């Protein structure tokens, strides 16, 4: 039986459909989850998709973090449940304090959509195990508030523990500290990533098919659990 | 203030009314009185004034636009034609596609961010109203000179507004235009196009049928946004001397609209509406009168039930408010509970504000008192019609007498300098600084987006059916000859569709002009409509809808006549689309079509302060054959890129820079070959093994095909001129960042 | 050294989606104190020494031209020590 | 009726590109008074009657949980009449 990966829809989520498609294309079954219920419906992992939850008018992810579904996800994640937050999902994870730091306004002050080269730095997380260390990939980046910021202590901790999972290469799109594009929690089950792997799953509609590996990685890791 | 009821209006026939301030003409006011048999109440006056404004009533353009119906080609694809919120075409496999382009010019000058944002919001609601899921947007834009101070104010705001709203809705932006010309200073054009898709059986119409059915207003609460905006803002020349006419600005809430979209789609899926209308210009005045007018009976509205953001609004203000993100639906009583439950799920405010009646009048009451009692048709559909004076402007003859005198480069140094100058010109330069502010990936179906010749969206992931859309206008040609100019714009748009491998199917348009009270402008308009109708008939493409924007002028100076033409095409298998960039080294480059030496209206002439004398003459029969050629030849094309603004020089540079693959090209009469913008041309690259096929195609369709060179290397080489791609790219990409810096 | 503060708020009649988002989030978190919320911007401008009337006039000018959009916003200038 | 104001600013060590953009735009417009600019948010919360200490405590709680992100921001609460 295929593993079920839940995709959460908050009001204002945009990439939920695409994330579900990526899960299916990777060989999993996508399970829609609605923000207003705290029922995880026995999914094996969860993706928090991109978008502008609640319009992102206050701070990105700040209001979504209090949705009933997040209460369940926070508890589960603390017990090792796999969670991938993409873009707005990453912002929600930071607001939930499942991941350290915060995502702030792009240094250029504009929304930026581009094909972005990344270097995968950590292949030990549930979501990145299918990559080789140092692998360079190209997937779309699209956000207005993607600049990863934290204090020096947190940055040292992330770097010394190898918790940066991906870094921007060749071009600094937003002024993130140490060019950080994605990080993980200590346990490696929660990953936040600013660029969008779900938009790089077929070369017809994306810049590459590199993004699919995030989803196949998780499905493979679930087998081993 | 005392409520001006119908009883009061009858009892006090001589109360003075501000019909002049509301933009009505004396005869129009008289006509309202004769329709009603008394003076209108304040609320009725508000409704008539907004609905009879140029923007809502098309009073100056109607007599001309009729031609789109009269000359309409027979088309089996057309499911819903002009008149509804947007036209709908059949693209096969039981899919129906709707698309439309609309202007939001004046509001975007006053408040660029919000004006542009609400422009996108408005067109998306039009598409949604048809029952469709919106799937993409495009934004044809025009600005004053790129380095003018006001452009620096207006452009970043408009771009941020288009992006801010569209990105938040989750609609990929798949194309548009950015053109600079001094006539747009003070009159930027913000046109927004939206495409939506649905199944045939899901098409919805804006009609109020069935006595006893309920009128439900849902979405955002009503505030004081844009009150008077319709009649005052959209139909009077913006004039700084009359600051009181500065309307309050509409502010968009894209999140509210995103939720409204999801809510509507769920309501449509459950089949809960009889008719539906969005609230755009003229707000509730428009929605109620149009629904009732198009329906079978009358309507009764209790205006005090409208949920207000600002409780101090008067009834006439409620009727005129242009608060965004609102919809009005006609719902059977038995389905209202379910309707309201879905709204609740999405946290969308929904209120029953009235019902459809068996009568013939639109009755609106406020706290139990009747304030509107009108025949809805007289408000919505039977507004004034003007046959405005038309006169061919004197400049036409003056222009035609001019001889063009612009430097044409000859030596290889001159050719190089000319190419670099041209591709760095704001009208030709790389637009990524703008387009990278737009999400082109969301929804995961964008097969092509800017800077490709057309945007392309996959409709069905199983069958790979897709649609392509392109928008084009060449205002300089329209200025020289509006009849030919619009035909050329249509031909270009159609060619852009076919260049990517899709078959042109239907046309939309947004006609941006100066004041209709100027007979010269009216002539430009009349010629444009005649040209477009004739061209559509000849090409067999139906016009499915459009929009007219008048009064785009500062003082006596009108903008260049700018008919923006959108063409929608269908492609059976999106995997087979052709892209604009050279794909591989060592492939043969062919120019399809022949060049001539007319430089009028070209960018090269414009860069030397010249507009020229005669626009090119369109050859639509040839353009139609070219489309056939492109479609039949599609399997052998490794790349294909249309030749338009900037001529062959721009086309070659763009194809080379796309994938960083150079080219070596041999041209005769090099300056004309590079910079002339003769229509009807496309550059393709093919494998050598396809040589016979392309020659056969040329013969079959009687279009000249010339091998001009070969792809490869890291330079663009034209005869003896060598330009490294690095240098080319620098010139092409530096312009916009510099302008913004 | 002083700080001049410019507070920019949307005019009361202008829709404030940001404030609305906060207003509707608060009760979901169990906070019921707010009747309405408006969200605006706050600029803290550091200057050398005490502000002179000429400087304040300049700030006023800048607030009007750059920091606010008079079409939809109003501003207030304050000096903090 | 009173207004409780919550002012939220980025912590000094956190990059503030918006404030920086203002700081570099000012001199281009001929304004040379600013040594540095920081941009933050201002929430105006309308409440019924005079604020009670319990209400202020609630606002404090909301400011901490929702209106600011303590990882990058600080806030100040003020009561205006």
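General remarks:
By letter and in written order, the chains are A, B, C and D; residue numbering begins at 1 in each of them.
Keep in mind that, in the parts below, a contact is a pair of C-beta atoms (placed from the backbone, for glycine too) under 8 Å apart; a residue touches a chain by one contact, two chains touch by 3 or more.
Here the structure is a predicted model, which means the values were calculated and not measured.
At the far end from chain B, in terms of centres built from Cα atoms, lies D.
Centre to centre, using the average C-alpha position, chain B and chain C are separated by 36 Å. One finds 9 Å separating the Cα centroids of chain C and chain D. Distance from the chain A centre to the chain D centre is 29 Å, each centre being the mean of its Cα atoms.
Separation between the centroids of chain A and chain C, computed from CA atoms only, is 34 Å. Of all residues in chain C, those touching 2 or more other chains are 17, 20-22, 25, 29, 39, listed in ascending order. Shown for chain B are the residues that touch two or more other chains, namely 253, 255-256, 347. Residue positions of chain A with contacts to 2 or more other chains are 54-55, 57-58, 63, 66. Across the assembly, chains come into contact as A-B, A-C, A-D, B-C, C-D. Chain B meets chain A in the complex at residues 160, 163-164, 167-170, 253-256, 258-259, 262, 345-347, 435-447, 458, 461, 574-575. The residues of chain A lying in touch with chain C in their complex are 54-55, 57-58, 63, 66. By the touch rule above, chain C contacts chain B in their complex via residues 10, 13-17, 20-21, 24, 69, 71-72. Contact residues on chain A toward chain D in their complex (touch as defined above): 58-59, 62-63, 66, 94-95, 97, 100-102, 104-109, 147, 149-152, 175. Interface residues of chain A, counted against chain B in their complex, comprise 11-12, 14-15, 17-18, 21, 36, 50-52, 54-57, 110-114, 140, 142, 144, 196, 198-199, 201, 204-206.
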